[in-house]
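Two complexes come next, and they have one chain in common, chain A, joined by chain B in the first and chain C in the second.
Coming up: the complex of A and B.
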């Protein structure tokens, strides 16, 4: 169906593009960048062609009531536009950036292919997330973004800082994602459906809604890097710039506030939760803003700025200004990705990341300075940019709430003004302090385009406003008109904006007097912050694990076997003593037909006796295999050909393996040092207990050779229905198939253990 | 200890292929008589173990450098098993549903039955065979390289 296809087209294009880049890039690394850019461009056009309000509903697992439902509502279209549009800019930029980066880091071009396909995979996950109307589908894509971001942040896998940052991000966003799953399960069991519109239509205020809302909110805030779960974001700046520009402006962090918007009707039912969100948003604004002023590394400054900026969005969502929040996200994504990309371009041009060693780059890099300047003007909310309106909607929402919120809002905006100048002024103004190399146009162009878009949105505000209004409408489920224009009369938002600029200019001019203060805050945060708490928690957990292993693990092989045997013997012995099944144990006759069986059992016993007495390894191995072969023969006599076959094969395999390994061992039986050798008395005790236990069991089994056969008969009758002539096969593959699956998984795990054992021994 | 005589080496090389054929036969006929993926995997593994005995670790790894990639066999077996088990969920059937369902006809080509249970058995085969060969390969790699040093 054409409409259904048009809704899913961006998702399908991105998914196919991911695969195409991964496969073709592996063969021809040079094809990866143009292919990735083309995919993003196609996905962007498919997004623009998405029919407003179009829906897709496909059955998935009808027995569980799961349907694949996607809808191109206002919210989905806004975010899909961001994911594909910013994605296109970032991938264009990456095509210029990654070859330079690879040359700096000294690895071949073929290794950069992974980055393009992972960014496209992330785009796919984002598109799926925003289009999904089914909670389960939404959760799957949510987790896909977390996993993909792990690989993207840890892209420089040789560097320890990079791996650690990736793990931190995965732990914070992954563990909080479990809360989202929990909330999803709660909602599913309560309302009997996983369809979000149905759930949101049924929810009513109460403790249940508050609890699930809180679970969802924690997951969303962790994803959006809100205080106190913000610390993964600055660490994630070790990733290459295209990753930061995409994940940490328009995609990953935006997913958190997207989720808050998606379940807005549910959150709106709980005023307490709204107040918590309000406080969290302001805390992020304050801490992010202050710490941004303390940073010297340009990308980390932007990371803290992102934390603060998403604080604004959370505040607006909790104030119910959904259309304003949507507009803010749109403006911020364009601005922040442009700034990240200019930071990367500056670093490629000068080799510096430190504000103290940068400056005066406006002259050698004029176009970059203009593009970055337009974006920075937007972040500082100057007129004639989208930024002006982003602060206007923010101030409008705050001033409706009251005095305190307004004051806090202005304070946050002043911080933004100050750190924006610190970023742009620090890089482009002042004295030139470094050598500047030429950079390719693909590094400057995306910044310039995004900067011009930010300005265009400030001059012609209507298109962006209508997008935001549509998104607000689908969040709040009511009409949310958004009209943006420059007002010359003095109403509250304009007044607050003017106060912000004045205070901001004062802050910038007096900067030398207060620069020490944010650094003190940063140092306190490093020592007592949540980052440190998580690190210590991980250290304690590892110590606990190591101690419990040292406590539980039996190191002596003989004792390890004895532990299993004695424990089993004691349990069986206890049942026999407590409920004596005496009639089971009979002393019967030995019919002539059973003589061969008896002879083979005797052979097994004799071989076992030889094994205990043998002095050399070879005799030991042969005696043990004689035991095994005799028992395999016994199975043949009691009519179990499948068991006999397997026993025979395993015995052959073990004998050959032992012989093969014998050749590698030094000559003579190795003895453990005397102090590790178990006491002879104890050894005899273990032997006696075990033998008694095995004897009792064998006696019981042999004196009642036809036990309850109901199960077996049922299996025999069912085997033809399972298309199997052999009942054992039918049991293994069909009736108890899940058990077999579990068993082969165990084999795989054992293999993993064996491989790591040999590898670690070799390196040790 | 050395089992490397001309006789053992020649016989070992001669019986390797027949061993693999036997293994596949046991795997395929498992649905008609005694035998299944597990036994087939062990039989095929025996073929490689005998080679290990006859040629010793160093020469085995030198003869078959692909031994290093044997874990891939095991992992693909696990993957195949998981896919066979969980794929039915996609179209709404319970886990581990096998096709054709009971009562439906199973197409045959000689002993080979076109039934997803055979696929599942093949997964077991790959995993068991991959396991044995990987362990041998790692032992060979380790002692083979050590032997080369000394």
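Coming up: the complex of A and C.
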């Protein structure tokens, strides 16, 4: 295997693991968790072994310029590491969590298998998304994440809330994904390539770039749950904790800002777009932060916190601080997944999800309190954690931009500080208010490991910084060094951090005086927010669809057929009116030798008319067979004896079959039922209209002067070579022998079907 | 002749459409038969040449009928028959199943076919 194929190793491992867990788990549910954890571990090591800058380039549809291109650049490596690393922690956690969860919800262990394979599928989609260098491949994996997240969020499919949350997430991220596809098509048609590096090398500032950039940005912001498309994320908290810990910290929501980073050179060309992104980021920070303070349910608090935290990232990306954004994503993913998992562990231990009924858990669950505390310290940006640096890079970027942005940045960070304390302090400090059950070590261990990683990253900042610097380099296409260290001198970021802590402590201490305010905001949001807007929109759409169906749909089969016929007639009529084709109609000659042909045609038409007028079914059948036999005669005179013979045979069988059916039907059925059919006039009108438009079409086509009969002559000349005197036989049995074989098969199957209808036992 | 062929094809098709719009299932089947007849006639008429039958020895100097459309129509006739056979089978099952239901439960007035005069023993 060539060296560069190691780039694909994580993707292949995750994909194979997904299938293995799904298949083996169906047979032995107990095998699923260890297998899933092993897959994640293997994928993580494959990611670590990925050659930096390696690239795989396979032709996919070369004539369209589509290639399967995957590259392990800095950005891809960072996200792949997150997807597999956090994935490993989450799957380990799930192995302990899901059996408890299944026992609570009262379903068998075998049903949890789906969760493991879906999480692995999501990991596959994320890996494909971040490695892809081709826009089409990227879009496919983007959609795969949306679809997989639908199943993961709606994991508790019996619960209505769960299904609704899944649908909301799918609608918000799926509809916005269409904008991404649109942008992809625009870029592809403009630049003639779907290769992202080639596109990014060619883009020039202008309205086109602004428009496509805006389309991509909307898709990315919806995925990252940014205001005003944020409302799907808090709803998605109905999913089991492993899903939230994975999708809503390191994977799904991170995909949005990943896309912003991937197309950063394109977005950077439009200052207006950058300013919109800046405003959107701050709006998310403010709304997410305030609403996090209003939440009582611990996972929803974390969800709003995620909205706010990705607001930070969007702000940094729009300020051009790409390496800082990369570092922020890394730090936040570790912190937030640890916090989500500790929330789930707390709920499993106490059975509570409400902050008002939690407290004092530091004593019964010390290890969890430490792991969760380290992560919370990171979220609150305390020193000796990665969080300190995440705010440092953020403040550095903000202070470069100026006063207003700096003030807003500090305000956002104060909110983070306050809700972080609300979360950790609310759970682990104060009075113990609930019964505590023992929880397995697998619930605590991943939290502790991630918490320690957050602390380690705060003490030894270099490895994470170099990862982020490499990611920044591949986003901005320039060197973006990132050096993180503790400064004792008073430069702007440090000063801002100190102000944040002071204000944060003040906010926490004065909490009882302002707690009502965020709840008011939350209530206003519920009533007038985008969530409500989307709900009303869906209701209106459903009503519109139902009304238009009631208006348009023809429920009666007969009139539905009539609709098709009349519509076709209208199209033909319109064509005639708009482009009169009169000169092409020819009457044709009627030599005396054609008189027999003419008479039999007349007979066929008259018999057909009789069939429509027949009162009894027997007359109908006889009239029909008269049409068939007349046509057989027509075929004879038109120079087609083979067709005439077959028509004669088939017509005989058809007549016998029809008579047999009439005979088999119960007494009275052979005679026609009394005419109780409404609207005879309408039916006749449709018949005339149909006759008219078919006549126009047929006359037009048959009037077309026949070109030199090359095709026919070729067949005529070839027939002797097939040792056949009859050319039609030669065509059927030789030139198109395979077609005839297919036809025989169809007839055999059709007659077998008919036979089953006729001979199968009566349902008595 | 062109006009006559076009007229007959359209009359066959129109009569078929008219029958197709009826409620009676047998008549609907008749409509389908007529429409497929119209289609077959159309294909044959659309042959590139018309004259003697394309069978060796070919008469010298005379026009020969297009054998390609004939092969096509041969196929179409046979397939059409297969379709109608299945359709008739379905119609048969529909009537007998409905009648069986009527025997078990009676119609809305509670009468069963056995208690009806023969003319009324209609499942439809």
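Rule of thumb we're sticking to: the second predicted complex is superposed on the first by the 550 of 764 C-alpha atoms of A that agree within 3 Å, B and C clash if a C-alpha of one lies under 4 Å from a C-alpha of the other, contacts with A are read in each partner's own complex, and residues count from 1 in each chain.
Going forward, contacts are C-beta pairs under 8 Å (C-beta built on N, C-alpha and C of every residue); 3 or more make two chains touch, one makes a residue touch a chain.
All values derive from a computational prediction rather than experimental measurement.
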Is A:639 contacted by the first partner chain B, the second partner chain C, both or neither?
second
Would you sort A:48 into first (chain B), second (chain C), both or neither based on which partner it touches?
neither
Which of the two partners, first being chain B and second being chain C, lies in contact with A:103: first, second, both, or neither?
neither
Per-residue touch tally on chain A - higher for chain B or for chain C
C
Looking at A:524, would you say it contacts chain B, chain C, both, or neither? Reply first, second, both or neither.
neither
Go through the superposed model and pick first if A:732 touches only chain B, second if only chain C, both, or neither.
both
By the touch definition at the top of the document, which applies to A:61: first (chain B), second (chain C), both, or neither?
first
Tell me the contact category for A:740 with respect to chain B and chain C: first, second, both or neither.
both
When the two structures are overlaid on chain A, which partner does A:659 contact: first (chain B), second (chain C), both, or neither?
first
Touching A:684 in the superposition: chain B (first), chain C (second), both, neither?
second
Starting from the residues of chain A touching chain B, keep only those that also touch chain C in the other complex, and list them.
641-642, 646, 650, 653, 657, 661-662, 664, 724-726, 728, 732, 740, 747, 750-751, 754-755, 758, 762
Contacts from chain A onto chain C in the complex sit at residues 558-559, 561-562, 565, 586-590, 594, 597-598, 601-602, 604-605, 608-609, 611-612, 617, 620-621, 624, 627-628, 631, 634-635, 638-643, 646-647, 650, 653-654, 657-658, 661-662, 664-669, 671-673, 677, 683-684, 686-688, 690-692, 694-695, 698-699, 701-703, 706-707, 709, 711-712, 715-716, 719-720, 724-728, 731-732, 736, 739-740, 743, 746-747, 750-751, 753-758, 762-764
Where on chain A is chain B touching in the complex?
59-64, 618, 641-642, 645-646, 649-650, 652-653, 656-657, 659-664, 721-726, 728-729, 732-734, 737-738, 740-741, 744-745, 747-748, 750-751, 754-755, 758-759, 761-762
Chain C - residues contacting chain A, complex
1-24, 26-27, 29-30, 33-34, 37-38, 40-42, 44-58, 64-68, 70-71, 73-75, 77-86, 88-93, 95-97, 99-100, 113, 118-124
Residues of chain B that touch chain A when the two form their complex:
1-3, 30-36, 38-39, 42-43, 45-46, 49-50, 52-53, 56-57, 71, 74-75, 77-78, 81-82, 85, 89-90, 92, 95-96, 98, 100, 102-103, 106, 113, 115, 117, 120-121, 123-124, 127-128, 130-132, 134-136, 138-139, 141-143
